[in-house]
Amino acid sequence: MSSIRTTEGTNRHLPALSDVLIGVVSLLIFGAALLATLDWPIEAARFPRFISGIGLLCTLLFLGTLAFRSLTTGPTVTQDTEGGPQESQTTEDPADEESVDVGYVFASAGAKEWVQTLLWLGAFFLLTYLFGVYIAGVTFAFLYLKYGASKSLVYCLVYSVVLGGSLWMLFSYFLGLPLPSGIFDII
Amino acid sequence: MFEALASGLGQVVQPTILLTMLVGMCIGFVTGILPGLGGPVTLAILLPFAFGMDPVQGFAFLIGIWIVTSTAGDITSVLFGIPGEPTSAAAVMDGYPLTRKGQSGRALGALLTSSALGGILGMIVLALTITLIRPLVLAIGPPEFFVLTVLGLTFVITLAGNNLLKGFIMASLGLLVAVVGIDPELGLPRYTFGSLSFWDGVDIIPIVIGLFGGAEVLQLMLSKRSISQTVEPDVNSLGQRARGILDALKHWSVIVRSSAIAIVIGMLPGLGGSVSQWLAYGHAKQTSKHPERFGKGAIDGVVAAGATSNAKDGGQLVPTIAFGIPGGAATAVLLGGLMILGLTPGAEMLTVNLDLTMSMVWIAVFANVIAVSIALLGVKYLSKLTHISGPVLIPAIVMLLMVGTYSVNNDYVDVFVMVGAAAIGVICLRWNWPRVPFLLAVVLGGFTESYLSLSSSMFGTEWLTRPGVLTLFAVIVGSLTIGALPSLRKWKLRREVSQESTK
Amino acid sequence: MFTSRKVYGVVSVACISALGLSACDDQEQESEAAGACSILEDEQVTIVVPYDPGGGYDSFARLIAPELEESIGAQVVVENRPGAGGLAAVNEITNAPEDGSRVAIMDGPGVAAASLAGAEGANFELSDLSYIGTVSNYPIVIATGPESDIESLEDLQTAEQVSFASAGRGASDYITAALLADMYDLEDSEIVTGFGGQAEAELSVVQGNVDVIAGVLDSRLPSIQSGDLVPIATIAPERPEDLPDVPLVQEDENLTGDQLDLLDTHQQIHDIGRPLVGPSSMEEEPLDCLRGALSEVADDEEFTDRASDQGRLISHIDGETMEADLTITRDDISEEYQSILEESF
């Protein structure tokens, strides 16, 4: 949404970089998928060839439209975006729409928040891979609440122990379902 | 038949039976709200407990578990934007935006009401038609299913948002994901990257969890705010709930139509609930007076998605009871349950044991009503969860998503699939690409290919002229026309605008 | 604070339900091993099921788990590990620890066929497994729809065009169909695949869209009992208990020696049934322990009666016999059978 806002004021509007990038990546995916079907017998290749062909065509058309629009000028792009002016008017409370849109959160978050968040999650996955979900979950809960949410030590302790304990009760004790274990399998 | 209905009711209204049902429902509720862990798994694990129960008690236990899992799955969808069951994904579309607006009480009220009504409708259809349904089940085969999947895919146009090409690209990507695995004719692995884990295809559960749950986790971590963006005073939630119930009743025709879709699709082994929810949702959007509000908190969208989640159960029980052929994964386990309880599906269940069949109907109706009443009473407390600061929820949600994904196949590959789907979900939301066409295509793609190949190997080209196929083709053309009208109008408008601006 | 309370609520609900069922932790009381061996006592033994919860294999595993638990004094848990048509779990089990802590129940005929045919995805030989014993063994039944023109084996042999429904390549129903087509020289036969599962394949025969379905009896039994499928013949050592009036394919007097040989090999492969297996490297002590325990469980009439009440027939062949008689190698099978297998993948 915001990417469009930035182009709105200018007279000559370039296509959103994100659209171009996603388009090019899709183009590569469809191309590779199409190439892969060439090695298969026709019975197996028919359907994937058809859909990757369609995908390829749509992507080309999409990129073509972007290129065409960036060469011509006009306010068309605003019509094209979600929540364009036309629609906001029909909703009861247009001011509310913005805060409800999750995409807005992503667009407005700063680079620092992004890096932090992804590091937290990456650490959780790494811990799970190494030590299994119990240790990873409890450690993550404790550390995240302490440093990510600035909660008190007691709160963090109780929360993480209760979380790990209830998970163990439910999955291992009552249902007997296996949970992800790590390569250093301690529990 | 009415005798059987009355006798079935008599057998159900017993303290022990109702108590057993409540026990089953408690378990079902817990596993239902957890993403990943769902009805079929829970039933399979608890099936042995049904041994030694008498049939009606066994039904009460198993059906209690089964019914409540779908209801509970919807609740997670609305409150956290993360489907508790793969059949609850459509409930996220409009239920979650309402929650963000602080209207979770209203959304849940509408959803639960429509889910109960849908469930009861499903059971009424089951009771009325079970002795007559044979011809219909026998008449619908792979050709009709193929056309149904095509109909489902045309909803990409409806659900794509404002940029159709983006919708088509996402749908094509989804179809590619659906093709991963062994091909239906030759048994050749396709796009499996040399990993055996992909031979059976990409599971839908990690995709749903990643697409919705992953995005949600990131959103909460980034914004550090509560899910609900506006704090409405608690007193209101009673009013909200009542408003939601009224909303559902006002949209009774949406409930009836959505339920009908779910029941008919449920009657045949194959497509199942993860498809029917989208057909119902897409249909509701097409026929709505305000299609532009869908995806932003349209109450009729919530109602449509909710109605399918329990309506499908009645449909799925039909072939299970009448043929001994289960209509879905959960009913496959229930069929095992029937045999444990010493019952033979088929003619017997429709004649000698018709009262037992009817007792199942009653149990399902009771389970629906009880589950929904309890959930409605709890709405006030459940809604509070959405006012808690986001970071506090994060550790629990992250861990549950991980566990839910892994327990699908006990395979780490699914965790990677989930992370990949999460990335797609976030990219879509951030840069305004539609993610629903992608999900819809993943759900439908595999079916489309195998039903097409089955149709031609069974019937050559003759299947094209089957009456069911022709009827459905007519529906597609109709739906495409309806779907295309707004875009056409917009296109025309846009041309006028641009012509004016160039002048 | 709310989340922890919520999670706590979740657990207490589960506790109440478990109390209501009063059967959740019986094993705690019975820690004393009743069986002869103690090597696995207080250990955890996992039975890997190669398919989703709720199917036949899963039911068997969940049926015998508590019995084994009692017998060896270990905690026995069931783990579902679907993938690659059941091969993922077997590939995994060939590399399992040697201490017997991880075993699998498998689709014997399917796995044997995949290994013998050298199918892609089967990265093992049958000798890479050690056999604890068969849990169950089902005859193969050949069935048609209630309105089908094919009412007997003769009809099948003389029919002009026959279509078989199969859940997919490599499945027992596919190989059996390929065998019948080869044996009876059914030139215009076709094996229709692409169904979402057994249920759909079965329905297509009930609907009359496909003529015949051939596969193991237990998944067919409900619809045979309901009259929606009509059994025309079985392949088994003797007529199965459930279908005393249905002839065996072998009973046909016109069969040539070659045809009988093919059937024999097919039968031999199906004799493997659904065994519990471990890695071939499994140490002797736990292997013997598990073998003894499984035999004990399978001999317990109270248990087998209970299992058959649930529609699960326990039929046991002990591990030693299996190892001696049932490990088939490529040298044991005729070229014709080998080619049938290879065509089936």
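Order of writing sets the chain letters: A, B and C. Residues in each chain are counted from 1.
To be clear about the criterion, a residue touches a chain if its C-beta (ideal position, glycine included) is under 8 Å from a C-beta of that chain, and two chains touch if they have at least 3 such contacts.
Note that the structure is a prediction, hence the values are computed from the model and not measured.
Central chain (C-alpha centroid nearest the global protein C-alpha centroid): B.
Looking at B-C and A-C, the interface holding more C-beta pairs in contact is that of B-C. Taking each chain's centre as the average of its CA atoms, chain A and chain B sit 22 Å apart. With centres taken as mean Cα positions, chain C sits 32 Å from chain B. With centres taken as mean Cα positions, chain C sits 41 Å from chain A. In chain A, 159, 163, 170, 176-178 are the positions where the chain touches two or more neighbouring chains simultaneously. Across the assembly, chain B contributes residues 30, 41, 45, 185-186, 392, 396, 410, 453 that each touch 2 or more other chains.
Annotation for chain C: residues 1, 3, 7, 10, 14, 79 touch two or more other chains. Interface residues of chain B, counted against chain C in their complex, comprise 19-20, 23-24, 26-27, 29-30, 40-41, 43-45, 47-49, 51, 137-138, 141-142, 182, 184-187, 189, 196-197, 199-200, 268-270, 319, 322-327, 329, 332-333, 335-336, 338-340, 342, 344-348, 384-385, 388, 392-393, 396, 409-411, 447, 450-451, 453-454, 457-459. Touching chain A in their complex are the following residues of chain B: 30-31, 37, 41-42, 45, 81, 97, 100-101, 161-163, 165-166, 168-169, 172-173, 175-176, 179, 183, 185-186, 188, 190-191, 215-219, 221-224, 229-230, 290, 292-293, 296-297, 389, 391-392, 394-396, 398-399, 402-403, 406-407, 410, 412, 415, 419, 426-427, 429-433, 445, 448-449, 452-453, 490, 494, 497-498, 501-502.
Residues of chain A that touch chain C in their complex: 155, 158-159, 162-163, 165-166, 169-170, 174, 176-178. Contact residues on chain A toward chain B in their complex (touch as defined above): 1, 3-4, 16, 18-19, 22-23, 26, 29-30, 33, 36, 40-41, 43-44, 47-48, 51-52, 54-55, 58-59, 61-62, 65, 74-76, 79-82, 84, 87, 90-91, 96-97, 99-100, 102-103, 105-107, 109, 113-114, 117, 120-121, 124-125, 128-129, 133, 137, 140-141, 144-145, 148-149, 151, 159-160, 163, 167, 170-171, 175-180. Interface of chain C with chain B (complex): residues 1-3, 6-7, 10, 13-14, 16-17, 20-21, 23, 52-55, 58-59, 62-63, 79-85, 87-88, 91, 120-121, 163, 168-170, 190, 192-197, 199-200, 202-204, 206-210, 222-223, 225-228, 306, 309-311, 345.
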